[in-house]
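Consider the two complexes below, in which chain A is the common component and chain B and chain C are the respective partners.
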Partner chain A sequence: MRTDTVAPTASAPEPAVASPRSRLASAWARPGVRLGLLVTLVLALAAVYLFTAVPGSLEYALKIRSTTVVAMVVVAIAVGVSTVVFHTITQNRILTPSIMGFDAFYMLVSTVIVFFLGATTFLRADPVTLWLVQVAIMVAFSVFLFTWLFGGKRRSIHLMLLVGIVLGTFFRSLTEWMQRMLDPLDFQVLTDTGFASLTRPDETLLLLTGVLVVLGCIAVLPLLRTLDVLTLGEPVAVGLGVNHRRVIMALFAIVSVMVAASTALVGPILFFGLIVANLAYSYAGTFRHRWTLPTAALLGVVFLLGGQLLLERLFGFGGSLSMVIEFAGGLFFLYLVLRKGAR
Partner chain B sequence: MGVLIGVCLVLLGIASLFIGVSDVSPAALLEGGTDGTAAFLLAASRVPRTVAVLLVGASLGIAGLILQMLVRNKFVEPGTTGVTEFATLGMLVTIVLWPGMAVMGKMGVAAAFGLVGTWVFLRVVRAVPVRQLVLVPLVGIMLGGIVGAVTAFFAYRLDLLQSLGQWSQGSFATIMAGRYEYVWIAGVMVIVAWIAADRFSVIGLGEEFATNLGLDYRRVVAIGMVVVAVITAAVLVTAGMIPFLGLVVPNIVSLIIGDNVRRSIPWVAGLGALFVLACDIVARTVRFPYEIPLSVIVGIVGAGLFLWLLLRKGSRAH
Partner chain C sequence: MIALDSVTKRYNGRVVLDDVSITLGGEGVTALIGPNGAGKSTLFSLVGRLVRPDSGTVTIDGQDVRTAASGDLAKTLAVLRQDNHIAARLTVADLVEFGRFPHSKGRLTAADREQIDRAIAYLDLEAFRERFLDELSGGQRQRAFIAMVLAQDTKYVLLDEPLNNLDVRHMGEIMKLVRRMADELGKVVVVVLHDINFAATYSDRIVAMRDGRVIADAPVAEIMRPEVLAEVYETPVDVREIDGRPVALYYA
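Coming up: the complex of A and B.
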């Protein structure tokens, strides 16, 4: 694994006569400034997306488009935070929750629930409780599964990657099998309630996932420094007084909640987290989570909004954003893996 | 052990002939004679299906085995090297550009794309500086993912996504006499592989060693690539994608009898055929009278076995 050398977080003492250029450079070295720039970019993109190319009534367009923007923000936060935290827990920068089969697992859980309860129970039950039950099951199982995989003796990253990909296929096959065994009616219910698309999100679901993601973020806040310590590796972290096992379990739980939220909103996007997190590390220029986490989330918004803008307004095909992300992400991933292999 | 596989194959093969919605039983056959409904169904649907299942299982196992010798890695097969995805792209290209093309031509184009895929994979893997055991299939899967994304994008743009999903999904449900015969080509490739078996064993020892023994390394590799690509294309045209089969079967055989290709070819072929046959029977019976795609069953069982191979104690992957 690669731990960053400590990047200059505090600005160096400024020379007495600072040329404008060096002042710019020293400002650029500050993570706060970089984050601020990113926030500006996000706001600008959102404004362009919301207010330009309005075909009819502005009010109507705003209503629809703002839901999309909110959904993108929720997804970006969920993916960015869960991936960065996952990287820190597993001490690497290639594995991500979705590559390890987390979101395939979420689909499996929701299918299993419909499979065993049937659509009637599903429809009669309160959707909020039902969804929470779903998330709870997912969290319990994934914490179990992934502490088993990552706890205990350390395995090579490449092995874990392969295991993750195969696990994903395993979960997906199992899901498909169960879906095939369902009644057509039950299946309809499953697809209706389970998954929405980014450009047309279901509002209740959006609200629920939004609340969950906010709760997840609040849960991460007190752990920010602990996360920084975890980057130093387990022995050092334990030596510095971190209750390693408990913290890891808690973080895995938060990661699973986040993944459940984003998968419920947009379905699985395999490589999104990978791109966002790795770019966030180099953009933020520091390993401290108080900077990398928001950077990853904001970069996520930039990618989703910017990508949607480009595809929708310039190329005229709005629905294929996830395929483009998948393609670019696959290439990026190959580059990362091959470069790591060279070292 | 070999006898056991043989007996199971015969038993399941006979069972496969008599499983289905219409009543085809030995009694019905005797009653109706050679021109009854039962005999017609047997000849038109059940026998072709069983033969196709056996040939696909055997040849996919062999394709995996050969590929593993070429790359010198236990964790590759057409599906983890991008070969299948390239062949699928080839199928899409024929559907778009020459919709009226005969199946034989489609298969040829798919095989050509598969060949390109094998070549690309071998090139990329050569660029992996440290030949880490697990990194190689990983790179292959990613390569397949990228090609798959390109295919999905064009299919999406051309409104072919649904039909793409339909025929690339592994299933023997549509096999009938007159529509499955191409799979015999895969069977021919198995025989080619058998004839060249010793050469592939030597290839598995590395380029320097093979050349030292007086072998034309490049030519044998080329033969291997053609065998793999043609088998992949033939299976894709008749049945669709069947994941993990070429990986799991040769590995299990190598656990039992070791790595001599000439000895293991009949084992791999037999076990592969048995595996697909068993899965096909499960796919046909578990939701009777409907069918579940074979690839789903193979995906569950195959992925489970693959995980076991990777994580078991004493696995070379550690």
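Coming up: the complex of A and C.
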């Protein structure tokens, strides 16, 4: 994180003798302080998750749990970064790649594979190959979809939302239709892949996804300031010398790769990005992407790790975190649509 | 010089600009007038490389806007469009800072900060520096956007209907500012106006468009005539001289 450029909020005039309270308030106004707090929270949660309530050997627990933590971090970065970038380039804060039918497409791809090749092939297939195929198909499809939908002239958010719902329904119906004709055993195998699973990811896939996500982040780094300019909308951005078409295509590609990689790793999570991104905008208190992007990713980790801790340690449930997130996210989505829909 | 050479632009088969050839930029303030749908905004979009012409070329200081690097053009030409809605919450200082993007690519130097301060001071916005755009009045917001354009420090400034939704006092303030930008800062300003009298008072040259064509292009005195204005707007316009200045009366 660069610290040489301090956001203007930090340069508010301070009284000669600052009282402790006002000093606290002015510290809170700095995005860096807020981000620091978030990092501390993430580290604390990770420590609690890793080192407490160990039933047997600490070494064994650490091995299992650290994989889960890494998976959560990877997914949180992928979802957080891709959603914020997607919001900026599509000039809205409600639609996310998932809501645009992305996750439904993931299930369709899996179903098509099982349908045509059979569950045995699906199960026996090398997970890495399977993952690569899924990622490749999803990236190709989403780049096509996004450029078709958002590449040309601006359309209304409501129309886009509708298109997303129609596409999602179409993919889901197609999936369901194929699943009906499947053999019950094949169907069983397929159903297993339909729920996000954060706790038991394949380690090789985790590594591959991690590499892709890191590459995506590195690709976004030089575009951080351009992303800020894109906040102003296409006409202003073009006027300020941004090669809009090329930048948008590059960013769509990055978003697609990140979402595809994380969905193929843990399965679909529909509303997660929406919560994380919108909370990040409020929490960071600035529009600058060098703050909102890491904030969104870190908030994602807090949600996943905190949620897992609550469910696992407090309520004794194992793998239902994604369902809880979906439920909370769905409510939040409704709230956003009802509140902001009029704009 | 901004030069359009037999430029034609169609939207869905409908001709919006019809073989327009015009050179802008010899003098201080040029007003672009004409009825709605005359092609004024399209002309700005073509010069500001938001849309591409179907035929003909647009050049800025001899550089074709199609082939010239967008980043370089942003240092010679600034365009302020009509509706400037921004989804994110920005302060005035944030916005004006963006004007330096073509020069600094987002990494502000001391010289950039000086330009920003000067632009803010020039538009008398110091008191609103840290205020959010959505907390400002229409006139203040318009000034903030003009400050951004000014911070861009370009030779050419294109303003598309900067007087939209402003009251009489703020309209006058903005036009005085446009005049000062030309006279004091040596900028070449092209401004789309709907109020003919503002055009007559503050500009050096008026270009009148209708149905995608330039139908009159002359110094103010030659345009401010009943027969010319009546043809531009296809409605009777009376022109009287008040205190030695031509005033168009179109309220009848």
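The definition used in the following text is that the second predicted complex is superposed on the first by the 275 of 343 C-alpha atoms of A that agree within 3 Å, B and C clash if a C-alpha of one lies under 4 Å from a C-alpha of the other, contacts with A are read in each partner's own complex, and residues count from 1 in each chain.
Simple rule for what comes next: a contact is a pair of C-beta atoms (placed from the backbone, for glycine too) under 8 Å apart; a residue touches a chain by one contact, two chains touch by 3 or more.
Since the model is a prediction, treat every value here as computed from it, not as a measurement.
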First (chain B), second (chain C), both or neither touched by A:S19: neither
Contacts of A:L338 with chain B and chain C, given as first, second, both or neither: first
Chain B versus chain C as contact partner of A:L174, first or second or both or neither: first
Touched partner set for A:P235, first chain B, second chain C, both or neither: second
First, second, both or neither for A:T129, with chain B first and chain C second: neither
Which superposed partner A:N243 touches (first chain B, second chain C, both, neither): second
Partner, of chain C and chain B, that touches more residues belonging to chain A: B
Touching partner for A:Q91 - first (chain B), second (chain C), both, neither: second
Common interface residues of chain A - those touching chain B in one complex and chain C in the other: none
Complex contacts: residues of chain C adjacent to chain A: 48-50, 69-75, 78-79, 81, 84-91, 93-94, 97-99, 101-102, 105-108, 130, 152
Contact set on chain B toward chain A in their complex: 75, 127-130, 132, 134-135, 137-139, 141-143, 145-146, 149-150, 152-153, 156-157, 243-244, 286-287, 292-293, 295-297, 299-300, 303-304, 306-307, 310-311, 317-318
Chain C partner contacts - residues on chain A that touch it in the complex: 5, 8-9, 12, 91-93, 224-226, 228-229, 231-236, 238-243, 281, 287
Footprint of chain B on chain A - complex, ascending: 155-156, 158-159, 161-163, 165-167, 169-170, 172-174, 176-177, 180-181, 270, 317, 319-320, 323-324, 326-327, 330-331, 333-334, 337-338, 341-342
